[in-house]
Every structure is written in C-alpha cells, then in structure tokens.
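Heads up, the next two complexes both have subunit A, just with different partners, subunit B and then subunit C.
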Partner chain A sequence: MSNPLQRLESIDRRILYAVLLIIVVVGLLVPIPLPLAVGPQARGVYEAIENADPGKIVIVSTLWSASTQGENSPQTRVILQHLMRKRLRFALIAFGDPQSTTLAQELAEELARENSYEYGKDWINWGFRADIAGTLKGLVKDINETIKTDSIKKRPLSEYPVMQGIHNVKDVGVIAEVSASGNYVSWLGLVVGSTNAPFCYAPTSVMAPELYTYLDSGQMKGMLFGIKGAAEYERLLGIRGFTTRAITPVSLSLVLLFVLIGLGNYGMYAAKKRDQKGANG
Partner chain B sequence: MHSMNLQRLLGSAFPKASGSWIWISILLAALGCVVVFFALQALPGRARKFLIAAVTFLAGLFYAAEFFLPVDPKTDENFLTFAVPTVGNVINVLAAFTLGLGVFSLVRIHGTKVVKLREGWENSVVLLLGIVVMAVAGLEFEDTRFYRSLFRDVLNSFDAAMFATLAFFIISAAYRAFRVKSAEATLLMFAALIVMLGQIPIGQYLTHWLPEKGSYASLFRLDNISNWLLITVNAPAIRAIGFGLGIGGLAIAMRLWLSLERGAFFEAKADN
Partner chain C sequence: MEWSHPVGVWVGAIGTLALFSLIYRENRLYRLFEHLFIGLAAGYTIKAVWTETLRPQWWVPMTSEGRWPWVFALFGGALFYTIFTRKYNWMSRISIGALLGFAAGQSFQATANVYIPQIRGSFKALWVTRDMLPPGSLVTPLGQSLNNILFVVIIVSVMTYFFFSFEHRNKALMTTARTGRLMLMFAFGAIFGSTVMARMALLIDRVWFLMNKWLGIG
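Now for the complex of A and B:
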C-alpha cells in the first residue's frame, strides 16, 4: 500500500475542482488587500490616453465575446472610464465576433449614463465588421466612406457632431484594441504606420507574452495584461472596483496551482524513492 | 488626374442609387450573380480554373498596386486610392456571405441528422431551434427584453460558463503534467513560476520591501525579474518565431494569389 505522501501524485480531480471552486468563491467574498505594482505596460496605456489630443477621436476596437468577458470586460470598462473622465470623444468598432459590438455598447451606455456622455455628440458606435483588413485599409483613407452609418441609429456618420472634423486615421488621437485574438497584427501592419496615434492593446493573459516584442519596439505604447492589467489601471485611475477585488481569487488560484505542482512533484519523488528502495531489496 | 478620371468613369457607369432604385439594383446584382454562377458551372474545368485564377490575381493585385504605385505628393494618393474604402466594403459583404455559408452548412448537416434520426439528433434539434429563435429575436425584436434576455441570460451565460470550466481543466492538467523530469523541464517550471508570481499581488508582496528601481536590490524584486524574463528572454524568441511565420505567410499568400496552391477545390474540379 502506498503511503500518503506518494498518494499526493494522484489526487482525485474532483477534489482539485472543489478546492478551486472554494478558493474562487472565498476570494471574491473576502478580498485580501495586497499591494499591486503598476507595470510600465499599463502605465503606457494610461499615458497615451492622458496625453491624447482632445481635438481628435479615440478608436476603441473590441474583439471579444462572453467567453473572455472575465478579462476583456474590465479592460474595456477602465479604458472607457478614463476616456470619459478626460472628456475625450470616442468611437467603438467591433471585429471577429458579433457579440463584441453589443457587449462593448452595453458597457459604454452604462458608463455614459454615469458620466453624462451623449450618444452622437461624445461617442458613437461604428458597429461590427466581418472583415478586418479591408475595413482597416478603408479607415486609413476615409472613415466616413468606409463605415458609412453608425450601428445604433443607422444614420450617416457625417450627421453626428462627434464625427465633425474626423476624416481619416490621421484624425485619430489613440487606438485602443481590447481583444481575445491576435488582431494586433492587422492594426500594426495596416494602420499604425499611417498615423501618429499611439496604439494600445488589451489582450487576455494567455496572449500577452507574445506582445512584448511590439512593446519593446515601440509600435505598441502600452498593454493591459489580462485582468491584472485592468486592476493596475483601476489603481492608476484611483478606483477600487470589481476588478481590484477580482485579483484576489486570481492570485489564490495561481497559488493553488503552485502548491499542486509542488505536491505532484513531491509525490513523484516519493514514489521514485520507494521504487529504488524496492529494487535494492 | 488619372484618379479623378477613373473615379468619374466608374461614377457614371454605376451612378448612386436612391429610393426604389436601391432595391432594383440589389435585385439586378443578385440576378447577375445567379447568371454568373450557372455560367461558371457550364464552363469546362480548365476554363473555369483559368477564370477563377484570373479573378483571384486581379483582386489581389488591387491592394498590391495601390500600396506600391507612387503617390501624388500633394494628395498622398495614387489613381487607385479613392477605391480603397469601396473595395473594403465589398470584402465586408463577401465576408458576411461566408457567415451565411457557415449557417447554411450547419443547417444542412444537422437538418439531415434530424431527418434521418441519427445518433444525437436531439442535440441537433436544440441547435437548429437555437439558431432560428436567436435569428428571429435579433432581426425582429432587437430592442425588446426577449432578445436581451436571450442574449445576456442565455447565450452570454453559456459562453462564459463554458470558458470558465477551462480553469478547472488547467488546474488538473498542470498538476498532472508539470513534472520535473529533466533539466529543461526544471528550467521551464521555474521560469513559469517566476513569471506568474511576478504577475500577481501575492507574488509581488513577497519582495515588496525591496526598492522598485534605482538600486541593485531592485533587480531581485519578483515583478522586475518577471518583466525581465518577458522582455529580454521571451520577446526575442517570439520575434524569431514571428519572422518565421511572416516569411511562411508571405509564401502562402503568394501561392494563393497566383493560384499555385495545389489540392484546392477547383484544382480537383479542373482535373475532372
């Protein structure tokens, strides 16, 4: 019979699931106040918006659905909060998943009510586009001709005060993309070289490591690293919202992961030692 | 000058439609598509392949020519630039058709499954009902509580719940698979642990008493080590992979553009 230490190598998965569930629920209910250092990536996004030209429009592009809303929704929220605090006009556009345009619009409408932002005057929704490359090439040349109408009232863009003086991507102050996909390649390849507007990206955590090369080259001015990036941004904005609280279960889950990896390896080591002892007689 | 001439020529050939002319234009375009479709079907395989290769080449040539041809320094445009937004809209319409094609394919496969009562046909009924109900709700009742409830309470909740189960799978998989069996695995595990610890407050708390920057001691802060690993070790590796992917992508794009890619649907058709 194997001893309890060796059994650490093969804990029943249902126990692991139960422990994770408890940790997430307890972490959400009892947030632990821990220091969160603001990294240069989140600071880059903050400074890009902070220094944006108020005469220009900010594009907030979204490519996410409910599946990644745990990370992408707080990222979109903090970016919109900052834009509204700075009274910058902005346009939403969505690619990839049609859910994206509705989810981002719901967030914008909620925040617009809190910040007295008027649709058509302070912000606009350009809607969902099935093709990324063709649309981005069009935005570089002529925004009104490419987008034509907004997605809420279906009226020509030129009729909205928010679009006054906005012709092409040179009239854009900041481009921020919140994404669960690798859409940054299209933005970097087709748009960023044609404008001085800083490009910021807010990906899910699993995608973030592949973007450091573009941060390093300066093509991306900042990045929100998953929900942790959103929590850092809340700190920069001086807000203690849901995202800051949600960092506790994320931290605890990762600690559980470390503990389990340690236990699994210790169990493996104990089993190996027992096998060696058995072989030696 | 050339740009204006071409724009004027196209403008007179396809004047802007308004009122009922829009619907007549759409109908004529749809009829034209049907005629072209049947004409393509009637063509012999080789001729069809040539025609499709020619259209593919011309379509790809537009963006390449627009990008490489010199521009007028005053306007920063060449004679093709004016058409970029329109071509972008045409591509969007084509991409939207592919969404329709996906729905058609789903309905065909699952419809057959239901009609023939194949194993799991009950799931197909749920899927087909879901498509119909969501489409009707989205098209006819977009501003109602009915649609919002379907979207927010059903679709979003299912979508989020399905993705959330990944966390459980990752915990279980990492526990079973992350074993220190070699020097490489040990290195990988320690790098992953440091990067992850550096990203979470609990990890940052362990070394928060060290200065953030400006001292050698700051080099030992977990968040700084994590950042160093991501920027100095990870980024060059990703860049190298990116170069490889870029060159591979360029080669594939050239092959597709010149219709050299073998094994495509039309290749098989042409050989018949």
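Now for the complex of A and C:
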C-alpha cells in the first residue's frame, strides 16, 4: 500500500473510537451554539400539553429501560417539566419493561421536589402492567377498576385526590408515551382510535422516521424525535438542560461519521483503481 | 439507596467502563458485567411482575377479597409448562389457542383503528388553495401542493414495487417500481441516519455520566 489514502480502508477501529470519544468529551465541555430549529413535531407535543384541559388528567406512559435512557430519559424529563409548569395533574404508567416505572418515578420525584408537586394530590404512579392490551382496554372503560392500586403506597386509586373526577379515558386530557418500542400501535388501536384522546409520542431516533405517517394522518398530535426532539422541547420551554448541551457532540459525531464514510469510500476507490492498474500490467 | 449515592455512582461508572472495554478487545471483565446486567434485569423483571401485577391483580383479590375463581388462571398458566413433557405437551395447546384467540380478536379492532385513518389520510388534494391550509400555516399553497403530489407519487410507486402478482414487464410499471425502490432507499437512509444519532445519544449520555456524576467535570 504505497498510497497512504489506501490505508484508510484498514484503520484500526480503536483509533476511530478514540477520535469519537475525544469529540464527544470536547463537545460536552465546549458547547458550540449551533442553530436548532424547532420542528412542527415537537411543537405539536408542546401545544397538546399547553391546550390540555386542566380539569383532566394527563397519562405519561413509559416503555424504556436503562439501555435507552440516553434518549428516553430527557424526553420524559421535558414532558414532566412542562406538565408541572402548567400545574396539570398526571399519572405515570409503565409497560413492557418494569425498569421504566422506577426510572420515570425517580425523574418525577426529583422534579416534584423542585416544583412543589405533591404525590397523590398532583401526580400518581399507576405502576407497571405486564398485560398491555388488557390494561389499555380497561382504561377506556374504568381506570379505577383496571389499575386498582397505585405503585408506591399500594392504596386504592379512589383514595387519592389526584383521581377525583377521573373515571375513564374521557377524563384524560393528553396521553404522552415515551418509548423504546412500538407500543404506539396498541395505544392507537385500542384507545385513541375509539376515544379520540390526544396522543403524543416520544420514540428513540431509530423508530422516529417510520412514524411520520401517523403525524400526517393526525393520529399523533406531536412527536419528540429522540434526543433532538428533547432539545427542541427544551428550547420551547426556554430551559438549557442536558439535551441542549448534548446537541453539540451529537452534531460533531455525525460530522465525523460523514468524514469517515467519505474517506473510507475514497480509500476503497483508490485500492480498486490500483488493482485495475496492476491487472492491466 | 438512590443511584445518585456515591456507591451507586461508582458501581455505575465501573459497570460502564467494563462494558465499554469491549471496544478495546474481548475480555473477562466485560463478560462478568454483561452477565451481571442481564441477571439483574431478569431478576428485577420477575420481582416487578409479582409486586406490580400478579400480587395486586391476582393474588390479593383471590386470597383476601373472595374472588376465588382466579385460581383457575393458575391452572391455565400452568398448562403452558406442559410443553416441556412429551406425554402432556398437547395440553399446552389449550392455553396457546385461547391466547391466540384473544390476540386475534384484539388485533381486529386495533388494525382498523390504526390503518383506516392512514388510508383516509393518503387521499390528498393535488392542488391546494389558501383556504384549504390550516390557520397560521407557514406553508404556501404551492408548497403544500408540491408536497401532496410528491406524497402521492411516492405512495403509488412504493406500492407498485410491492405488487408481486405478475411480472413487471411493462415499461411504465418497471419505471414506477424502480422509482418506488429508490424512494425506499431514501427511507432506509433516513432510518440509518437516525439510528446513528440514537447510538451517539446513548454514548453521550454515558460519557456525561462518567464526566459529570463520577469525575465531577462540567
């Protein structure tokens, strides 16, 4: 390999990881004020919560675990921050992975302390439910009978002031799901389709591109597109949290990827050309 | 003990570094923490299913509220395990059949509610006037018209690509299907880009944890 560009094809992956790590660390320590346009997807979630009926409850459904908390945790955080700022009462419910009930509860407790939100009066944790379809169909008919007790104190829901006047999905102002899975199909199919409850979705970036059809059809009022969506939401709320800081290393690492893909392809092209030259004598 | 406790932060940091050590090369520390993580997650799930679902929804009503017929649920659930015996594995089909029936019934309702609004949403005006736009829309009527035309072209071409009932010999059909394939490539490219962003977000979260929570930087 006489041409150094041809060596690009066989760079040790550990060198690439080291460069990536340096970029991430520098990006986190020295945030570059990059422009961040707030898209209609994030604005849709914001407006759904902003226009929610204060007499109704907001359901924050979570289906994520520690493995995707880099995206799902900031999404849950900004939604809860907005709910508390609007003084809307909310209920947490978790499906799929029981880690999410604990992780979402930790976030809610931290924010509740900062915003003087009282458990049982302003918010409640309905806990983890293994049976997604059965629970969702139950919520449409009778929330108290379906959930029965809360997750923290194990007391009947009807004993909590936050549940006063809340009987079924008709008493729900907004449903917001933060998810690392395709649970939106269950919500749309079993709850939203038959009740027209406003539904917002906060998926990981991997899932987000295939969900635009649901936004286009109006089945989803808004969507937080992974960590970028959470950063847009922070901008709408006027706060500078983790995602605002994280957007710099996200952008820099994507630029690095572009450069590496370009160099790798050039290296492959150069090697191919050399081989052709060799074959022709 | 909360995870933000110093001991929790140290355990988290050691676990993160051990799992990232795979980037350098395969090693025993990585394997140890991988097994620890899987074991903890599985154990936590079993505990949570009992405390959050089975105990309040099944055990307490059955033993304390007089709803004794719930005991038959145990029998129905136990039938699944007969699959491990050659002699009685036919019994597991009773439970599996019942479960499939429930799932099929629910999916009828869900499928209609999920896809009919999308079919309805795919009928778009190809020429949009200003009064057809929602109030406050930043899109011009011409821009919305072009958007809708593009939408219809893409949906028709992609559906043509997946039309396998007869061979694509007709030139118009071949061109449309090829356009559909090209559009799918664009979509896969977008999904790949988003996947990279998602993975970067997970890395950044862990690096920030190590820097901020563990080392106190930033």
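By our rule, the second predicted complex is superposed on the first by the 278 of 281 C-alpha atoms of A that agree within 3 Å, B and C clash if a C-alpha of one lies under 4 Å from a C-alpha of the other, contacts with A are read in each partner's own complex, and residues count from 1 in each chain.
Assume a residue touches a chain if its C-beta (ideal position, glycine included) is under 8 Å from a C-beta of that chain, and two chains touch if they have at least 3 such contacts.
All values derive from a computational prediction rather than experimental measurement.
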| item | value |
| --- | --- |
| Simultaneous placement of subunit C and subunit B on subunit A, clash or fit | clash |
| Partner chain in contact with A:121 - subunit B first, subunit C second, else both or neither | neither |
| Touching partner for A:258 - first (subunit B), second (subunit C), both, neither | first |
| Touching partner for A:137 - first (subunit B), second (subunit C), both, neither | both |
| Contacts of A:272 with subunit B and subunit C, given as first, second, both or neither | neither |
| Partner chain in contact with A:145 - subunit B first, subunit C second, else both or neither | first |
| Partner chain in contact with A:188 - subunit B first, subunit C second, else both or neither | second |
| Subunit B versus subunit C as contact partner of A:36, first or second or both or neither | first |
| Which of subunit B and subunit C A:153 touches, first, second, both or neither | neither |
| First, second, both or neither for A:129, with subunit B first and subunit C second | both |
| Colliding stretch - subunit B into subunit C, listed as 20-28, 74-82 or 218-226 | 20-28 |
| Residues of subunit A at both interfaces, subunit B in one complex, subunit C in the other | 13, 17, 20-21, 24, 65, 67-70, 99, 129-131, 133, 137, 148, 205, 209-210, 213, 216, 225, 228, 250, 253-254, 257 |
| Interface residues, subunit C side, partner subunit A - complex | 2-3, 23-24, 41, 44-45, 47-49, 52-53, 56-57, 102-103, 106-107, 109-114, 117-118, 120-121, 151, 187, 190-191, 193-198, 200-208, 211, 217-218 |
| Residue ranges of subunit A touching subunit B (in the complex, touch as defined) | 11, 13, 16-17, 20-21, 24, 32, 34-37, 39-40, 65-70, 99, 102-103, 129-131, 133-138, 140-142, 145-146, 148, 205, 209-210, 212-213, 215-216, 225, 228, 247-248, 250-258, 260-261, 263-265, 268 |
| Contact set on subunit B toward subunit A in their complex | 63, 77, 81-82, 84-92, 94-96, 98-99, 151, 155-157, 159-160, 162-164, 167-168, 170-172, 174-176, 178-180, 189, 193, 195-197, 199-205, 208, 212, 223, 227, 230-231, 234-236, 238-239, 242 |
| Partner subunit C, residues of subunit A touching it in the complex | 13-14, 17, 20-21, 24-25, 27-29, 65, 67-71, 73, 97-99, 101, 106, 127-131, 133, 137, 148-149, 151, 154, 185-186, 188-190, 192-194, 204-206, 208-210, 213-214, 216-219, 225-228, 242, 245-246, 249-250, 253-254, 257 |
